[in-house]
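The following pair of complexes shares a single chain, chain A, combined with chain B in the former and chain C in the latter.
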Partner chain A sequence: MTRLVQKHAWVLGLLVLLIALLGITKLIQPSFGATGLESLARAALPFAFATAAMAIVVIVGGIDLSIASMMAVCGVTAAVLMQSMGAVPAIVITLCIGTAMGAINGALIVITKVPDIVVTLAMLFVWEGVALLILSTPGGNVTEAMQGIIGGSILPGLPMALVVMAVAIAAVWMPVRRSKIGLSIYAVGSDELAAFRSGVSVGWTKVAAYALCGVLAAMGGMSLIMLTGIGEPVPGPYLLASVAAVVLGGVVLGGGRGGLLGPIIAVFILRIIRTILTLAAVDPNVTTIVEGVIMVAVVMLGAIVTYRGVRA
Partner chain B sequence: MSIHPEQTAASDPRLVRFGRYLADNPVIPLIAFLFFLISLLEVMRPGIVLPFLGGREGIISTFWVGNLIKFAIPLAMIAACQVLTMLTAGIDLSAGIVATCSAFVCATLMPLIGPVPAVLIAMAVGVVVGLVNGFGVGVVRVHPLIMTLGTGLIATGCLQVYQRFVIATGTEIPAFLEWLGTGRTFAMPNGLFLFIPFAIFIIWLMRATGFGRLLFALGSNEHAAKLSGVRSWQVFLALYALSGLIASVAGLLYLGMIRAPSLSLANPLMLPSVAAAVIGGTSIFGGRGSFAGAIVGALILRVIDTMLTLLQMPEGARIALFGLIILLVTALYVRITGTR
Partner chain C sequence: MDEVQRESLLDASGIAKSFGAVKALSDASLHVARGEVVALMGANGAGKSTFVKILTGALRPDSGKVLIRGTEARVGSPAQARRSGLVPVYQEPSLIPDLDVADNLRLGDTPVDPCLNWVNDLGVDGLRLDHMIADLPLATLRILDLARALAAEPDVLLLDEMTAALPTDLVENVLRVVRAQADEGRGVIYISHRFTEISELCDSATVLRDGRSVGDLKIEPGVENRVVEMMLGAKIDLGARETGTARTNEGIPRIRARGLAVAPKVTDVSFDLYPGEVLGVVALEGQGQDEVFDVLAGFRKPTGGAFEVDGAPVSFGHPADAIAAGLTFVPGDRAEALLRERSVHENIALPFSARAGSWGPLKTRHERERVGHAIDKLQIDTRAKGEVQRLSGGNQQKVTIGRWLAHGVETLLLFDPTRGIDVRTKRQIYPLVRELADQGAAVLFYTSELEEVPLACDRAVVIFNGRVVDVIDAAEADEETLMRAAYGLTEDKAAS
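Up next, the complex of A and B:
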C-alpha cells in the first residue's frame, strides 16, 4: 500500500488538490452542484483530449506543437461530413483522418531526422492551412443527437461528458499501455539508444505514438464542435494549456515518465481555477492573467521539486 | 562506439568533406538557396526583380529589393531572440507578444508623456518580461518553452487589461519610428540604420565576447560549463532580459512600419522567427548557431511569402505551403550537413 502511494504520490497530490478546489468552489457558491459539475466537465472536454494527446508524445520523448491545428482540421471535417451523412460514418472518417495526420507527423520526424519541435511547428502551419481549405469560414453543422451525448448526468454528480471522456481515452490508451507498443513508447522516451539496442523499433514506435496523438486530437476536435455546434477552422488556445497540464500532471518533458491520469486531473484543476475566478466575479481579462500566473507558478514548483530530487 | 548509420551512408569522402564545410559555413548554401528562390520568382513573374527582362528600365529593381529587406528586418530581429536563446538549448516564445506589448504601450503612452519616455517605458516592458523569463529558466529551472509560453500568456492578459485604461487617450506614433519604419534613403529602407549596427552588435556579442562564449558553453554542455565555474543563472537572466529588449525594439520598429497599433500586431512574426533561426542553421538543441544565417533565413521566408502571394493561392493553401517549405528546407539542411 505504501509503495502504491509512493509510486503515485504526484497523482494523489493532484487529486487532493482537485478535491480541495472543488470544496473552495462550493464555499464560494453554495449552489454549485450537479449542473456546475456538468458545465465544468463539458468545458474541460477538448482540453482533456488535447492534453492526453500531448502526454503520449511527450512520453515518447517528443512534443507536438500542431495539436490545436489538428483539432481544427478534425472539427471542420466532422462538421462538413455531418451535413451529408450520418453521425457515425462521419465520426469514423474523422478518427481515421486524425490518425493519418498524426502518423504523417511521426513519419516526417522519423524520415527527415529534423527535431520534433521543428517538424510539428511546420506541420502546425500545414494543418492550419488544410483546415482553412476545408472550410474558410465557420460553418457546417452537428447533429442534435451528437450534441446530446455530452449533456446531462448519468448519476447525480457524474456528468455524462466525464464518462464520454474517460471511456474514449481509456479505449485508446488502455490496450496500448498493456501491450508491447506501450512498453516500447516508454522505452524510447527514457533512452532512445538503449531502446534501439534492446531491439525496439524506434521509428515505428514514434510513428505509433504520434498516430495515437492524432486519434486523441481528432476526438478533441469533435468534442469541440459538439460544444459549439459549428466547425471552426481557426486553432484554439490548446497548445499552452495542454503543455502546462502535461507538466503539472507529472509527465517529464524529455520523455519516459508519467501517465495519462495525472495530466487529465491537471486539466480539471486548471479549469476549476477558472470557474472559481469567474464565480468570484473577477474580470475575464484579469482571469487570463491569474490563470497564466498559476500555470507558470505550478510549473515552477514542479521544476523545483524535480530539480531538488535530481540533486539529492 | 558503434558506427553511426549516417556516417556509413555518406561514404564518399568528398561528399563528407563538402557536408562538413557546409556545416561550418551554413550561410553559403543558404545564400545560394536565396538566389535560387529569387530567380524562381523572376521566372514566375518576369521583371519583378530584374525590370529589363520585363521591358522596363533598370537592371535591378531597387524598390523590390528595398521592400524585401524592409519586411525582413523585424523578422530577423525577432529571430535574433531565438538564435541567442537557442544557443543555450532554450527558445523565446514570448518574443512576438513582447514586441506587440512594447509597440502598443509606446503608441498609447506617446500622447500622454511624449516620445522619449514612451519608447523607454516600452523597452522597459520587454526587459521586465525577459527578466521574468530569465528568473524562471535560470533560477527555478523551468523548461524555456513552457516558461516563455506562460509569460506570453500573462503578457497578453496584462495587455488586454491595460488596453481598457488607455482606450480614451488615442494612439500616436513617434515621428522617428515612422521615419525608421517607412522612410527610404537611396531606395533602401531606413530601418537598416537601426538594423546594421544591431546585427554587427549581435554577431560581435556571439563571436567575440565572454558572454557569447558562455552561451555556447552552456548550450554544448551545461554541466561541464557549471563545473568550470559558470554561474548559469546569471547568464540566463542576462540572456532572456536581452532577448526581451531585442523583441521590444523589433516591436517598436514594426510599429513604425505598420503604423496601426493593435493587440496582435507582431504576433504573426513569432513562429516565422523560429523558422528563420532554424533555417539559418541554429540548432534547437543548443551549442550551434549563427545570426548571419538567421538573417538569410528571414530573407528566404520573405521571398517565399512573396511567391505564395504572387501565385494568388487561397489563404489556407498559402499557410500550408509555408509550413511545408519550412519543413523541406530544414530537412534538406539536415540531410546535407548531417547535423541536427
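Up next, the complex of A and C:
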C-alpha cells in the first residue's frame, strides 16, 4: 500500500491541490456549482488533449512543437468534412489524418536524425500552412448533435465533457500502456541505448509515440470545434500550455518517467487557478505571472519532497 | 579439447569496418566451437569494441561475414542477433533505469522464473520484481544482465568485461556458471583484462591488434606474456617498479583524516596523506571507499570524525570548497570528468579557465604550450583529432588524469582510474601518477585491481567494512597480502 502511494505520490499530491483549489473557488464564489464545473471542464478540453499528446512524446524522450498546428489542421478538416458527410465518417477520417501527421513527424525525426525540436518546429509552420490551405478563414460546419455531446452533466458534479475526455484518452492510452509498445515507449525515453540493447526497435517506438501524439492532437482539434461550433485555421495557445501541464504533471522532460493522469490533472489545476484569479478580479496580466510562479514552486517542492524521500 | 572436429557455433572472418578515414577493423576474425570459452583480447584502440558491436548487430561490417551455426546471421540489430542465437552482456548494464525488474524482463521477452533462478544461482539474494532498476547497486545489475542472457538459452554468450564491477565472491560465481554453460555445449566469448580470470576460465584466446586478428592461442600456464606480446606487437614485460625503501614522511600531512564516519557504511577511517606520496586505498566493492572519496571531494558531509588539510581542520559543504582547498577528484567514470563533445586540447585547458575569478582573456600561448606538452606526455593516439568521445576509453582516461600534469595539482583523489582499460594504457598511467607525486602532489589512489598497488603507490590503507584495517608499505604489498587484508583476514593481528 505504501509502495503504491509512493509510486503515485505526485498524482495524489496534484489531486489534493486540485480539490483544495476547487474549495477555494467555492469560498470565493458560493454560487460555483455544477454549471461552473461544466464550463471549467469544457474550457479545459482542448488543453487536456494537447497535454496528453505532449506527455506521450515527452515520455518517449522527445517533444512535439507542432501539436497546436496539428490540432488546427484536424479542426478545420473535421469542420469542412462535416459539411458534406455525417459526423462519424468525418471523425474517423480526421483521426486517421492526425495519426498520419504524427507519424510523419516521428518518421522525419527517426530517418533524418535531425533533433526532434528542430523537426517539429519546422512542422509547426508546415501544418499551420496546411490548415490555412484547407480553410483560409474560420468556417465549416459542426453538427448540433456533436456540439451537444460535451454539454451538460451525466451526473450532478460530473460534467459530460470530462467523461468524453476520459473515455477518449483512455481508449487511446490504456491499450498502449498495457502492451509492449507502451513499455517500449518508457524504455526508449529512459535509456535509448539500453532499450536498443534489450531488443527494442527504437525507431518504430518513436514513430508510434508521435503517431499517438497525432491521434490525441486530432481529438484536441475536434474538441475545439465542438466548443466553438466553427473550424479555426489559426493555432490556439496550446503548445506552451501543454508543456507547462506536462511538467507540472510529473512527466520528466527528457523522458522515461510519468504518466498521463498527472498532466491532465495539472491542466485542470492551471485552468482553475485562472478562474480563481478572474473571480478575485486580479489583473489578467498578473494571472500569467501567478501561473508561472506556481509552476516553478510546485515542481521545486516536488523535487524537494522526492529528494527527502530518497534520502530517508 | 582433444576432439579433432567440434561443431562450430560462431565464425566471423574477414571483418572490416571504417569510420570515415579511421579504419577501426581491417581483418578481424573469431571462431567459437561448441563447449569452448574464447577470450577476445586487445589493447585499447585495437578495435575490440567495434568488433563486439558488429558481432552483436549494433553495427554492420563493411565487409566480411558472421556465421552463426554455419548460416549467415543477418545481424542488423541486437534483437536479430539474439534470435540467431548470440546473446551479449555488455560492459555497461543494458537495463532501463526507470522501469522495474519485471518490466525490463518483459521488454526483452525474458522468461521470468529461469532468470530469477540464475540470479540466485549467481549469488544475489533478495531481488524483487518490483525493484526499480535505478535503485539497484551496479553489481546486482551486472548479475541481472547476465541472468537475463542465460535465461535466453543462447548458443553463443558474449561477455564484455562482465566482472569489472563485481566483488570477488560474485566473480567466482560468474566464472563457475559460465564454465558450466560451456561444458553443457554453449560457446562463450569472454572479454576481460584480467589474466587470472582468463587462465581460469578460457580454453583459447584470440588477440586483436590494430584492427586485425593476430593470433589464436591455447590458454596454458605462461600464456600471459605471449598474449601481451601479441597485443603490443613487441615484447614488453608486465611491469615492475623499484619500490626501494619506504618513503619517510615528515612534516604536516596534506590530508589528515581521523575517525571519519559516514552512516551507515563508514564507521572509522583514519589516514595521513603526505605531499609527494601516492597512498593506495584497497577495498573490496562496497566497503565504504565510495563514501570516503565523496566526503573528501565535498560531495557529502561526514556523519562523524574530522579531517584536516595542511594542518587546518576543514568541513566541505560543496565540491567548490574541496577544490578551493586544493583537492581534485577524478572520477572512475570518465564520462563524469570530460566534456565528450569538445577536443582534447579544450579538455586539458579547461581547468585553467574554470578557476573561479578568472574572467579575463585566456592566456592562449602559455596555455597552448602546456597543453601541447601534456599531450606529448600522455602519448594520446591522435588519429582521431577531434572530439574526446572519438578517443578510445583508455585514452580518455589518460586525458582525465594527465590534464592535471599540465596544471600542477596539490592533491589528487583518483577513484579507480584504470577500470576497464588495457594493460598498455595502464602501464602508461602509473608513471603519470608517479610523476604527479614527484612534482609534489599528494595522491590518494583507489584501485579495484590489487596488482596495481605496488606499481603506483608508496603505501596503501586497507578499508574493510567501513574501517581502516591495515596500512601496508608498497614493498610488502604483493597481491596475496593485499587480498588477505582486503578480506579483513589480518584484522585480528592488527587488533592484538
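One rule holds for everything that comes next: the second predicted complex is superposed on the first by the 283 of 312 C-alpha atoms of A that agree within 3 Å, B and C clash if a C-alpha of one lies under 4 Å from a C-alpha of the other, contacts with A are read in each partner's own complex, and residues count from 1 in each chain.
Note that a residue touches a chain if its C-beta (ideal position, glycine included) is under 8 Å from a C-beta of that chain, and two chains touch if they have at least 3 such contacts.
Computed from a predicted model, the values in this text were never measured in an experiment.
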Which of chain B and chain C A:G199 touches, first, second, both or neither: second
Partner chain(s) touched by A:Y186 [first = chain B, second = chain C, both, neither]: second
Which of chain B and chain C A:V207 touches, first, second, both or neither: neither
Partner chain in contact with A:A72 - chain B first, chain C second, else both or neither: neither
Partner with the higher number of touched chain A residues, chain C or chain B: B
Touching partner for A:V299 - first (chain B), second (chain C), both, neither: first
Residues of chain A touching chain B in the complex: 63, 108, 112-115, 117-119, 121-134, 136, 233, 239-240, 243-244, 247, 253, 283, 285-289, 291-293, 295-296, 299-300, 303-304, 307
In the complex with chain C, residue positions of chain A that touch it: 3, 180, 183-184, 186-187, 189-191, 193-201, 256-257
Complex contacts: residues of chain B adjacent to chain A: 91, 136, 140-143, 145-147, 149-154, 156-158, 160-161, 164, 271, 274-275, 278, 284-285, 314-324, 326-327, 330-331, 334-335, 340
Chain C - residues contacting chain A, complex: 58, 77-79, 82, 88, 90, 93-99, 103-104, 106-109, 130
